[in-house]
Structures are given as C-alpha cells and as structure tokens.
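Chain naming follows the written order as A, B and C, and within any one chain the residues start at number 1.
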Amino acid sequence: MPEMNGDDERQKRMSIVCWSNDLDRVWPVMILATTGAASGLDVNIFFTFWGLRVLQRNEKRTTGQNWKQRGESVMDRGGTDHLKLSKMHMGGMGTAMIKSLAKEFKVASPTELLGMASDLGVRLYPCQMTMELYGLTKDDFIDNLETPLGAASFIEMAAESDINLFI
Amino acid sequence: MPEMNGDDERQKRMSIVCWSNDLDRVWPVMILATTGAASGLDVNIFFTFWGLRVLQRNEKRTTGQNWKQRGESVMDRGGTDHLKLSKMHMGGMGTAMIKSLAKEFKVASPTELLGMASDLGVRLYPCQMTMELYGLTKDDFIDNLETPLGAASFIEMAAESDINLFI
Amino acid sequence: MPEMNGDDERQKRMSIVCWSNDLDRVWPVMILATTGAASGLDVNIFFTFWGLRVLQRNEKRTTGQNWKQRGESVMDRGGTDHLKLSKMHMGGMGTAMIKSLAKEFKVASPTELLGMASDLGVRLYPCQMTMELYGLTKDDFIDNLETPLGAASFIEMAAESDINLFI
C-alpha cells in the first residue's frame, strides 16, 4: 500500500481472531483490542466458532432455530457476563475468584471492555458461517457490530495487518 | 518496506501452525487455509505436537516404535475422521451434534477440507521433531505432504509471511 | 524480496505471547524462541495470564499477598519443572510419558530451554497487570527478566515484528 516513504506513515493495523468464549481468552482479546485502539491502531476482531457467543446479549438464554442449535446454546451460554475459565473453573469457584481479584485490581470486566472497544472504534465482526451453524441472528447480538464476515474477507483484512493474533 | 512497485505485486503468504488435533481448532486451520489458497495466497501449514496427528491416515490405529509411543497413539487416535471437540465433546455427543450441524449447513468436514487444501496447492509440512517424538514415519501419513520441517525452517518461512497464525 | 535497501537489512523480529503454563504450549514457545534467536532473530516473549507462572522459580511453592492469590498459586503451581499437559495429563502419567519420550529423543526440557533462551538473548517480559493480579513480585521470578511490560508496550513491539504468535 505505501508508495514513497514507507508504510511507517500509515496507521498500524491489528486483526484478532476471537475463537474462544473462555474468560481467560476473551480477556486478552479485549485488553489487547482496547489498548491497541487507545494507542491509535486500527483494530478488527473476527468472532468465530465458540467466540461468536461473546457477542450474544447477556439476557439471551436460548438461541437457534432447531433443537441441536438450541441444545448447544443452553450448554454453552453466550454473553460476556457468562464466560468461564478454560481451566481452574472448579464449578464456578475459580472463575469467581479471578473475577473478584480483577475487580480488586481495577481490571475492567469483559463486558466493560466490550463496551469500551465499541466506543474506541474497534470493529467487531461476527463470522457469517458460525452464525448459520448456530442459527444466530442479528437480534441475538449486542448493538454496533459490523456486517458479518466470511473467511475470505477476514484473510484479506489480515493480509494488510501489522499484527495478527489467533486467540 | 519496498520502494517503487511495492510488495503488493508479490503474492501474499499465510503460514499457520496447526498445533492441535481438536476438531474445533483443525476446522479453522483448514477453512482459513483453503479459503486463503482459493483467494490466491501462498499457504503453508506446519503440523506440530498434537497437530501432527491430523496428517495420520484415518485407517491407522496404532503407531510408534516403542510402547510409550504406541500407548500415546491409542489414547489419542490420529486422522481427520477421529477429531474431537476440545470442549462440549460430552462423550462424543457434542462432537456428533456439531458435525451434523456442519453437514446440514454445508460446511465441509476436516477430511474433505484437507483434500481440498492439497488440491489447491496448500503446502502441508509435518514437524520433524514431533515425528521423532511420536515415532511416526512417512507411511503413517496421508499422501502429498512436503518434506518434514524443523523449527528453524518454519521460522524462516514465517518471517516472510504476511499472516502468521498459531492455532 | 525487496531489491535495494529493503528491510532485509534489518534484523527480523519475532514476538510471542506466552499465555499458557501448559507443558504442551510452553514447549513450542520455548523451541520457537530459542531456535529463532539461534537463527539470528530478535526475539521477545510476553508472559501473561497463566503464562506468567512459567517465570516463577521452581522452588517457590506459595505466592501472593492475599488468600485468593495464595489459593490460586497452590492450585496452579508455577515454575518450568511443574508444567502439565493441557490434555492427556492423566493424573501425571501422560505428562511423565511425554517428558520421558522427549528425553529419549534429546528434546530439551522447558527448564533447559528457558535457560538457553536467556543465554541466547531472548527478552523475557513479565506482564505487569498479571503480576498485580497474582500478587507476584520480582523475588518470585527467575533472574534475567526484562522490566515488566504493559499491554500498550507489547503492542508497540508487536507492530514492529515480522512474526507475532499468541501461544
């Protein structure tokens, strides 16, 4: 993209694949995204597979069009208020403890960070294919999302990014 | 970085580390790889650690030269037909449900995607060190793989890539 | 690829986020880092979340300032000698088997690799925010670490890297 005096001139870009809805992965996604945007980077997040559930409204309980999709949505509740640690969850105790430590040390919650991301201009892209797989529709999601994206468009975006992370 | 006619001229390159043989990770590896290749990118996948099992022939049951390697191969069966979800596997029920949803929504299976990847010119590299660790040989693998690669060669490749992902 | 004075002149840089303290993730972090440094790359590792525990001295048993932090440190013991596989751990049997295979095939242990990384000039950065969360201090860590880093500084570093990996 840059012609003359190198691409140091243009805004740096970071693209993150948010593949997981585990608390311990969504946290770094959101901290890196908001910090990046606050530092002046152009930041994109592609929410795919388990990660798509992060964009679900917290009050939505069951989602999906058929029994398989509904069943999956019950087993793996969506929304940033319902994330669990991938390890040390210990029936909720470990997750609660880490959340409480985070609060004590003024680390914003995923829900707060997602709001901040939106405010800071981080672009949040739901994965089109996962939406179909889960039977999720626009109404299941929080506001201010970008148009759903396919893998080809994500790759195009990533090919022009300075930082790509699969989290 | 380049002066005049920029590196927009050259083919973009994506290098993926396929570290896992979990269904939910192999799927994005394969979807990104095939989509990337179909979009004209030069795509390389480095199969390492658990991920090396992805390249194993589906009909191979036990592999390895000594009892430890054989034991490991029995506990963690290789081949794209035998992948399991990293979470919500639920004794096979969750994995079967997601596979059935994928079929319903015309998402190709990992086995089909691996074949497509090969056809589209995606280069599939087994990790040399993991082969030794598992006692896997050329005969255990599917056809059309590249020469096994060490970490140094992978890094050299990644340093010239526009997209690097560890999945 | 670039002709004249391109960026082939400058040293390639690799930045790795070491997010996990699972044996099967720390191993690739350390192998890639040491191999990269040995190949002449400028290598940085940012140890965050579970990954911060990798930098803990092996002899430290309990860490933290309050009971939550102490409790967490007991449940998830730090130090490269105490890493467990993320799957197939099987009460220690699987982890022991893989370690024994690694020894047999001359793959250096994480502890050895961490020492080598330091010797090869790999820069090891503890995540500032995680240190506060866990209540870890300089005394809990091995020697030769860089000054703790925040997310903003890590992003700045990553934006100038040729290879970025979140492991």
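As a working rule, a residue touches a chain if its C-beta (ideal position, glycine included) is under 8 Å from a C-beta of that chain, and two chains touch if they have at least 3 such contacts.
Keep in mind it's a predicted model, so treat the numbers as computed, not measured.
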Problem - Minimum number of chain-to-chain contact steps, chain B to chain C - result: 1
Problem - Interface residue identity across copies chain A, chain B - same or different by half - result: different
Exercise for the section: Starting from the mean Cα coordinates of chain A and chain B, work out the distance between those two points in Å. Expected result: 24
Handout entry: Where chain A touches two or more other chains at once, by residue number
Key = 164-166
Practice task
Note which residues of chain B are touching chain A in the complex, please.
Solution key: 1, 3-4, 6, 8, 12, 14, 24-25, 27-28, 31-32, 35-36, 38-39, 41, 87-88, 90, 94, 97-98, 100-102, 105, 107, 162-167
Completion exercise
Listed in rising order, chain C residues that touch chain A in their complex are 17, 19, 48-50, 68-69, 71-72, 75-76, 86, 129, 132-134, 150-152, 155-156, 158-159, 161, 164-166
